[in-house]
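Per-chain residue numbering starts at 1, and chain names A, B, C and D are given in the order in which the chains are listed.
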Amino acid sequence: MTEDKPPRKEESAGLMKYSAENLVPFGPIHPALKEPEYFKLVLEGEKIVEVIPRIGYVHRGLEKAAESRPWVQNMYMFERTCGICSFVHSLTYGQAVEGLTIYEIPRRAKFIRTIIAELERIHSHLLWVGLMGHWAGFETLFMWVWRDREVVLDLVEAISGNRIHKSMNAFCGVRRDMPEGMEDRIVERMKFLVDRANYYKGIVDTEETMLERTEDIGRVSAETAEKLCAVGPMARYVGLRRDIRLNDPYAAYDEVPFDIVTSKEGDVHALLKLRLDEMIVAANMVSYAVKHLPEGPIRIKIPPVIPAGEHSSHSEAPRGEIFYYVKSSGGRTPDRVKSRQPTMANLPTALEILKGQTIADVPVVLTAIDPCFGCMDRMSFLDIESNRQWTWSGEELRRYGINYYFPERMKMR
Amino acid sequence: MPRRRAGAAIPEMFRTMLEKPSTRAYPYQKVELPARFRGKLDIDPERCTGCQVCAMVCPAGVITMIDIGTRKVGDKELPVKRPVFELSTCIFCGECVDNCAFKALEMTKQFELATPHKEDLTMRKALTK
Amino acid sequence: MSEVLLQQIERLAADAKTKSTQLHKGETMIEIEQSQLKNFITRLVNQIKIRHLSTITGLDLGQNIGIIYHFWRDRNTIHLKTFVPKTKPTTVSIVDIIPGAILYEMEIHDMLGVMFVGNPWMDKKLLLPDNWPDDLPPPLLKNVKPADIRKRLGLEVEKK
Amino acid sequence: MINEILQAIIFPGVLFTIAMGFLFDWLDRKTAARMQGRIGPKITGPSGILQPLADFLKLLFKEEIIPSHADRVIFLFAPALYFLAPLLSMLFIPIIGPTPLAGFEFDLLAILFLLAYAAFVVTILSYSSASSFTTIATGRLVLQYVSYEIPLVLAIITAALYSRSLSVEGIVASQSTLWNILVMPFAFGVYIIALMAELEKPPFDIPSAKTEIVAGWLTEFSGRALSFLKLTKEVGYVFGSALAVSLFLGGGLGPEVAAVPPPVLYFVYFMVKLLLVGFLIFVLKTALARIKIGQATELFWKILTPVSLAQIAFVLVLIQGGVLVAT
């Protein structure tokens, strides 16, 4: 047994009850994870009994950095929290700050925000459906879905000038108006996307090999998901009606008619269909909002100093609830900005689902929550390992590597 | 529940085969850029007055102001500043362009900015004036 | 619906001998004693059925560390604020009432050094690197400068 | 004699087979790309036809890394042993005429042996590199092998039974009036599915599933070994399709070449059928998602083995009843 060996530093204290043989590391670099994260899986044979997450590999210290930057600059910084749901970050941060001011957001700006946010949702959901195909080994679905995703990206590029980081938001408004004569094109493209989404729904419903990969995997009860504070599609696929667009409307969601999609089945297959359904809803919302776009100004210029106070805002990102809390002491820079990303909120649920599954299901379940570890990690500080290695010369780095893996070889020299 | 079968995607696959492929063979076939595309930043040195607004709003710290001389206002000597752009850190948000009151800044359509030398991306155009 | 909820919250706050302030439309800030916190959250969850905890924010307030629990249901957001003295940053964990709070508490533990009694993973790090020295102050405190930490860890990259 | 050696080395022997391997790789990539709405290889050669060759040459000149825990002898020599299997098997297939280069009376048994040999070599190859990914891949390889082997052999045996010959030459010759596929369509189907499992094409790319276990048993290989392993897979692809053509589609037989076939026409017919079988596999591979190893085992043992047994029973009844006896 391993009791007589001194425990390694990182596995001290709390993990003592598990012997080292039962601990299987998953990550930080793993083919199923596109971003570096580390999960310690405690196994009993093939079964997982406990998962301990260790995030923070790509942290950049955004919250600390925000305290030393002007309000406007922070908007662009928080937009870069994530490459996929970038707009909704700046939207939520903007709403939190706008709450501290006395200005009213123009109605046209609210509609434009809704349009961009929904386009982003379509883009994010398509990305996820494609990746699910990729992880299930269905390359064709992946290629088709990502091809159709270009439609959204091209529209976003035409509206905002950039495909990913739209830089559309300003405090109390948006920076760019909708381009002239885009209405027909957007409506026609949205119709195309609805057709495609319906087709993909058919595929994931009938294709035998796809069904075998997704059915009956990743089940969790509604009570557990509610207790663990799941958000977004992860809450809706077990039947919780939790959608901030509906529960606490922001932007123009109280003026654009829509209904949220929930599912009762509660497996990965249901999640796939739910995301495609949400895409259809979003496409219809975009069409409606474009047709009913009100006239008026798009922006109110506000002074760079934000009045003192504290305010929070949340909104429904493609992956779930995004939460921002800002505290101002009346200066040019914020006192404190707290941002919480949906992956962070969904992680406890994913860990719960993993318990009792076998190792083979780990990638599928972790993918199912649409993880964006880059988002989640916005918070911490310095990447010590990489920074230290950075200052080394190539030769030093090589010697370190050899020493690390083959200490006996180094001794021989 | 629809009928489950293997190979549900085959008809669509043949249809796709007959369509035009959606790949754009980029370096051989130039991409058409939308009117609002935000590419490399450019400055018109004639119009720049050195007011520093762009340097203040830039979220990425691209712009540093450099003293290039002095001028007399009344009986005071004031420094004359001009911006230097470190474009390798630019995030293409366009905030400086929006805030430039003299319309000296502009986002061009140029996006092929890869270079082996980081110094190539330092724009000192405004200094020469 | 919303009005009823608001009244219920106010009644609950009155029971806990604290008062609720309306920050903005639909946002209620309740400052509460640490000893009352757990009782209050239990009643919030069981009686008013506000079950969703958005997140927990920790912030440096000079003398104290403020911990804000953000709850919401429909159009009502409730911020529960408690204070922990910086000299002895210890508070109770709410993991047994809301299991989803576990990662948020770990995060605050990493960033501000607050100890949550009752959280089973308090001995582990979530975000900070494994080789983070024990004697370094938590990084999100106001008096901690990023440059100091870099210097302390010997990470200052020399500029050419 | 010189002529025979040239035939064995150049056409239709080793070099031709390798060239066909490259062609199949290119066709595979090109059709899959077009079905997915992409272009596929484009730059090297006309429509990128030389891309597989370019990839092969590039890998050939790359550094070879041997993991420190690997069994060096097996790790270095097994790729060559593996490369031999489909190349040798190809010599038993009649390509330019009804007589293969190296046929003998029981060459079908030799082919069956070489199939098993290839699976065995891959397994020890995978096991020799001793990393966690290849260890999982080895387990999956063996499990997949024991699943597809029985239906595959049963399907081949069906053709041999009906044609009452254990040589590929004899089986091809027996199909001059009626192709075997018309008598035993299910055996052909089972053969194609089992072949996809043998070639590790989706949905049976379980031992080399890239999103689960990196590159499966190929993970630790690099440089020369990797280039040859990849080439072997492609040549195996050609061989598997060629065997299907010979066993079920009448080889190069067709109109005008029933009795004494002129070599050119025979070759043309053979190639057309070969590409058709290849295309069938490209389509199936593009249309399906990867299944799990348990599901693959279930498919082969619970469905395909009974189906091929039923097919054999059906063929035996036909023979016994004197209906439709092959000439």
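As a convention for this text, contacts are C-beta pairs under 8 Å (C-beta built on N, C-alpha and C of every residue); 3 or more make two chains touch, one makes a residue touch a chain.
Predicted model, so just to flag it, every value in this text is computed and none were measured.
Peer 1: For this structure, which two chains have more C-beta pairs in contact than any other pair?
Peer 2: So the pair of chains linked by the most contacts is A-C.
Peer 1: Taking every chain's C-alpha mean, which one sits closest to the mean of all protein C-alpha atoms?
Peer 2: If one averages C-alpha positions chain by chain, the most central is A.
Peer 1: Going by C-alpha centroids, which chain is farthest from subunit D? Tell me that one.
Peer 2: The chain lying farthest from subunit D is C.
Peer 1: Once you find the CA centre of subunit C and the CA centre of subunit D, what distance in Å lies between them?
Peer 2: The answer is 62 Å.
Peer 1: Roughly how far is subunit B from subunit D, centre to centre by C-alpha average, rounded to an integer in Å?
Peer 2: 52
Peer 1: At what distance in angstrom does the C-alpha mean of subunit D lie from that of subunit A?
Peer 2: Distance between chain centres, rounded to whole Å: 43 Å.
Peer 1: Between subunit A and subunit C, what is the separation of their C-alpha centroids in Å?
Peer 2: 22
Peer 1: Taking each residue of subunit B in turn, which ones touch at least two of the other chains?
Peer 2: Residues 6-9, 13, 16, 22.
Peer 1: Using the touch rule from the top of the page, what residues of subunit D touch 2 or more other chains?
Peer 2: 35-38, 286-288
Peer 1: Counting only residues that touch at least two other chains, what does the list for subunit C look like?
Peer 2: Residues: none.
Peer 1: By the touch definition up top, name every chain pair that qualifies.
Peer 2: All touching pairs, sorted by chain label, are A-B, A-C, A-D, B-D.
Peer 1: Tell me, which parts of subunit A touch subunit B in their complex?
Peer 2: Within the complex, subunit A touches subunit B at residues 69-70, 72-77, 80, 140-141, 144, 147, 150, 154, 157-162, 165, 167, 175-176, 179, 199, 202-203, 205-209, 211.
Peer 1: Can you check the complex and tell me which residues of subunit C touch subunit A?
Peer 2: Result: residues 23-24, 26-27, 29, 51-55, 57, 59-60, 68, 70, 72-75, 77, 79, 98-104, 107, 110-111, 120-121, 123-132, 139-140, 142, 146, 149-150, 153-155, 157-158 of subunit C touch subunit A.
Peer 1: Could you pull out which subunit A residues touch subunit C in their complex?
Peer 2: Its residues touching subunit C are 9-10, 12-14, 52-56, 59, 61, 63-64, 67, 99, 226-231, 242, 247-248, 309-312, 314, 321, 323, 325, 327, 335-336, 338, 340, 344-345, 347-349, 377, 379-385, 387-388, 390-391.
Peer 1: Can you check the complex and tell me which residues of subunit B touch subunit D?
Peer 2: Within the complex, subunit B touches subunit D at residues 6-10, 13-14, 16-17, 19, 21-23, 25.
Peer 1: Give the list of subunit D residues in touch with subunit B in this complex.
Peer 2: Against subunit B, the touching part of subunit D is residues 31, 33-39, 42, 283-284, 286-288.
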